[in-house]
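So, here's a batch of structures to check.
The following pair of complexes shares a single chain, subunit A, combined with subunit B in the former and subunit C in the latter.
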Partner chain A sequence: MTASPETGAAAGPRTGGPRRPRPLRGGAPLPLLVPALIGLAFLVLPLVALLVRAPWTSMPELLTSTEVWQALRLSLICATAATAVSMVIGVPLAWLLARVEFPGRGLVRALVTLPLVLPPVVGGVALLMALGRNGVVGRWLDSWFGLTLPFTTTGVVLAEAFVAMPFLVISVEGTLRAADPRYEEAATTLGASRFTAFRRVTLPLIAPGIAAGAVLAWARALGEFGATITFAGNFPGRTQTMPLAVYLALQSDPEAAVALSLVLLAVSIAVLAGLRDRWMTAS
Partner chain B sequence: MTRSARRTRRMLRTTGAGAAALLALSACSSSGEDSGGKAGASSSAGGPDKLSGTVNVFAAASLTESFTQLGKDFEERHPGTKVVFNFGGSDSLAAGITSGAPADVFASASPRTMKVVTDAGDAAGTPATFVRNRLEIATLPGNPDEVASLADLTGDDLKVVLCDKTVPCGAAAQKALTAADLKLTPVSYEEDVKSALNKVVLKEADAAVVYRTDVRAAGDKVEGVEFPEAADAVNDYPITLLKDAPNAAVGTAFIELVRSAEGRKVLTEAGFTAP
Partner chain C sequence: MTDTEKNERPPAEKTPGPGTGVPAAGGLDARLVVERGAFRLDVTLSAAPGDVVALLGPNGAGKTTALRALAGLVPLSGGHLRLDGVELDRTPPESRPVGVVFQDYLLFPHLTALDNVAFGPRCRGASRARSRAQAAAWLERLGLAAHAAAKPRRLSGGQAQRVALARALATHPRLLLLDEPLAALDARTRLDVRAQLRRHLADFEAVAVLVTHDPLDAMVLADHLVVVEDGHVVQEGAPSHIARRPRTDYIAHLVGLNLYRGQAAGHTVRLDDGPVITTAEDLTGPAFVAFPPSAVTLHRDRPTGTSARNLWRCEVAGLETHGDRIRADLTGELPLAADLTTVAAAELDLHPGAAVWATVKATQTHAYHD
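After this line comes the complex of A and B, so read on.
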């Protein structure tokens, strides 16, 4: 059973082979190795520069400030909540796009990826116009339920989910389309309802794709800046996430900004590395 | 067929125009050499003075409207020159200059950010204060909450946004609040003055403490309320030529225009006050 289409594709034509592709014999060919190493250096060099320039002596002082921990805590909570929101509404959306034929599906697919190309600040303004106190939908939320979203922690979660959800939808949709629909069909012919088939067959089948998408979305949400500061503003403890704290520190104290960035980096690398090992390899 | 013919014709026309321009340029430069001009080191000198080439002006975001106007005036007065602006937060502009961005003139919204540049030894001469800006309260159009003073903003029922303390408008607002002995908890500390203003323009906040020039630039989208404590937090705007200016002659001329009576007129119309 090739449960994961990703590993299935990587293993090549041999179906039913081992889950992990075996390393190639004879090493990597030069035309691949050289650009690969350049690519790695390109991604890693700026991080190395941050490490080199970091104010290691004033680091302990910075890291004991309550404001930093407040911002970090808020960042982790909001990014996780935004990922949860994305999963609850994003996975069904991906399923709809992959499995149901309906007119204008190409257009809907393009609309879903819109937040990827939209500059996040514009996304924030769009959210204000939709969900703000005076927004198209927001004004009803305000007058009916007394609910205002801008300048609240919920606003941060929404802004992050808006920007991060497309990553999850694209990833899950790709996995769904690569997954064999015959398993679902078999389940339905054996008497399962379509929802039961989705829950018991499709979901386990695409779990690695969901995990990969969730990790992408979480990482994107954690680093989100533009939409958050535009939609939710910046108030310590309520809407000031780490990226906002870093940006504002950059205005007055670039060294502190470097230190804060490193904290965010360290935490996200730790979390991502941990998740990757747990979710993506042993599913 | 026809399309390629048309293309050839167009190409010929462009080449012709280019050749004519080249001729004109060389004519100009030779006349420039004759009169022994030293300012216009590059080729295309135009007009009676010898100013030419591009000048890069790094200016605070609050100067956007007035400096754009002055730039147009300058280019009209000195044909052959081009004023290129880089508007942004004074802090990031200062950081750009100290790390070697090619700029001729720096106009900052606070002496503190100018000090970053002078401390790094990047300014030519001493910066001069050319305008001042004072704070004003921006309220919703028609001032529905009847805000009349800074103290009116401290109530719980109003959503107020301030600039963050790290940017000049936030520091000035903090100074005014301290002078008035008031404690104000905003819903957000915005990252720059335009974001603070936009929260009121979009009606998400009821009031913001911003500069008078921003209220003026927003037109009828907000209503300005002056308050006396603003006098304690007036922001000086210094301007200077930079040491490594690639085009010092034009840069100096631009600073002269900014500080002239004409420049003052454009700036006061935008809401700035004379130093």
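After this line comes the complex of A and C, so read on.
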């Protein structure tokens, strides 16, 4: 930069991020660099292959077929409904875990986290045992209210919520723990009941955490396969979501499977872009 | 110490205790006992409406715990709490006629200044429109009308403090609690805000209790000091009384501050009993001047080439060691305390009865409105 009049005034700030420590230049040792690059390739290559093999010419035709639209619509509706269910019961659960001391809290948290690591198929079988027609609770739902959950669209929502809700609970609980509980105290000294304090002070304060948790849960619900196919089956238009449609298409029409996969990939990238500020800039 | 001095104005409204048989005396009457592990707080507090009481003490003395117990945020293990004759021991915080200004204000970050202040009236049953109207009136009264729509993060420290005060006052508390009300402010803002807070507390018709570890804040803001150490009251009384006769090292250290009151005119403050102090600040009217003993320089002979604007002839009344320093107690034109190093004290050959000249630079004094 030469002595242009502006440089004097704007001395200092470099283009780009402010005050971010610069990473060390050069000198990454080979024993780290090689596996790192292999790891990167391992993660990126399949996605690139998906793009390479995509039937770009027949794409419009494939994506406008009724079945695809049906599956996509059902997926979006069910994932959104599952997220809504997770929020309505998951946020209070997160609050309970974060703010109330009770015996066995650690155990309860472990139980809430379990669906995160449980194979989804097992979750589906468990849901059948609980809510199936002959299930522990399902039999009463059936005989008292005539309610049948398995192999219905509601069943899809439940299966997805079962798998996705822990993501929301964990995210919201973390945000609640980071939030200053003294705001709730300040609200009580102003005459707010504990519930009013939660509704008018805590909830707005943790809204970003709830939003992030909801997006994570939604993305997880959208991709849900194992629990859904086990508990809700695979009926086009009723319980066949996108992942099930992809799997089915792969056996009859691989090109269609690739096209459908690309749609899900696009949705995932959109979600990641939406969360960019929250997760990607973590230092 | 009986200091429930007669208040000229009777309490605005007396709420008789419900069948307690206790006369409906206005004000605060409390014995706060809180046990937490090995720590035990046992503090007795009483104050008439209009009084400002300061709980003064080192960190960990239990001041904030006492405040939280008054607000109902910490349950009492024993004792009692009566406000205007009403028992509050078992009343949950949201039902107590108590307002709190928290140390870092805890303004709700998602609400505007106006909605922060309207929060209390709204929770206590006022309609949305009415609570906002009340909030606007409070902001107006505290000179914040222009900032009603601002979110807390856009407010300066002093403004945030006044919004917090407005928020606490908007519920018409019979007991106002302030936790380190000035601690979050930088030194410059502090002087202004302290003077403003003093005026607002003087206007407040019910009991105010503030917690601070800053003796200057306590002396300027309160009419009654309660010094708490390790969960117990070690001394209480009027600030001047405590300043004259400290009973523990902590208080002696605390009041190690020269504080004077007088009439300011420009850069000078004429004290009520004669001497004049030159100050850095430009004020008129009743004012305080304060400076620490370390700001005082002593000379055996009248100094000639000094740039210090304040020069007084004094006599050493007493000498005391404070850690590695010597505290000289001086009488004469102006009673004051001076700190000097042991070496300096030896060089000056200080002893009780010695005549000395004391100088203080105007820039080392703080003057502010009464």
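The working rule: the second predicted complex is superposed on the first by the 221 of 283 C-alpha atoms of A that agree within 3 Å, B and C clash if a C-alpha of one lies under 4 Å from a C-alpha of the other, contacts with A are read in each partner's own complex, and residues count from 1 in each chain.
Throughout what follows, a residue touches a chain if its C-beta (ideal position, glycine included) is under 8 Å from a C-beta of that chain, and two chains touch if they have at least 3 such contacts.
All of these numbers come straight from a predicted model, not from anything done at the bench.
Visitor: In the superposition on subunit A, see if there is space for subunit B and subunit C together, and answer fit or clash.
Guide: fit
Visitor: First (subunit B), second (subunit C), both or neither: which does A:R133 touch?
Guide: Touch status of A:R133: first partner only.
Visitor: Now for A:G237: first (subunit B), second (subunit C), both, or neither, which partner does it touch?
Guide: neither
Visitor: Touching A:F151 in the superposition: subunit B (first), subunit C (second), both, neither?
Guide: Touch status of A:F151: first partner only.
Visitor: Count the residues of subunit A touched by subunit B and by subunit C, then name the partner with the higher count.
Guide: Counting contacted residues of subunit A, the larger count belongs to B.
Visitor: Tell me which partner A:T188 touches in the superposition: subunit B (first), subunit C (second), both or neither.
Guide: second
Visitor: State whether A:D180 touches subunit B only (first), subunit C only (second), both chains, or neither.
Guide: Second partner only.
Visitor: Given the touch rule stated above, what does A:G39 touch, subunit B (first), subunit C (second), both, or neither?
Guide: In the superposed model, A:G39 contacts neither subunit B nor subunit C.
Visitor: Using the touch definition from the top, say if A:T196 reaches subunit B (first), subunit C (second), both or neither.
Guide: In the superposition, A:T196 touches subunit C alone.
Visitor: What does the superposition give for the shortest Cα distance from subunit B to subunit C, in Å?
Guide: 44
Visitor: Under the definition above, what is the set of subunit A residues touching subunit B in their complex?
Guide: Going through subunit A, the ones touching subunit B are 125, 128-129, 132-134, 150-151, 229-230, 232-236, 239-240, 244, 247-254.
Visitor: Using the touch rule from the top, collect the residues of subunit C that touch subunit A in their complex.
Guide: Listed in rising order, the residues are 71-73, 92-96, 98-100, 102, 106, 108-110, 119-120, 123-124, 167-168, 171.
Visitor: Can you list the residues on subunit A that touch subunit C in the complex?
Guide: 180, 182-183, 185-193, 196, 200-201, 204-205
Visitor: Once bound in the complex, which stretches of subunit B touch subunit A?
Guide: 89, 91-92, 95, 159, 161, 164, 166-167, 186-191, 195, 199, 202-205
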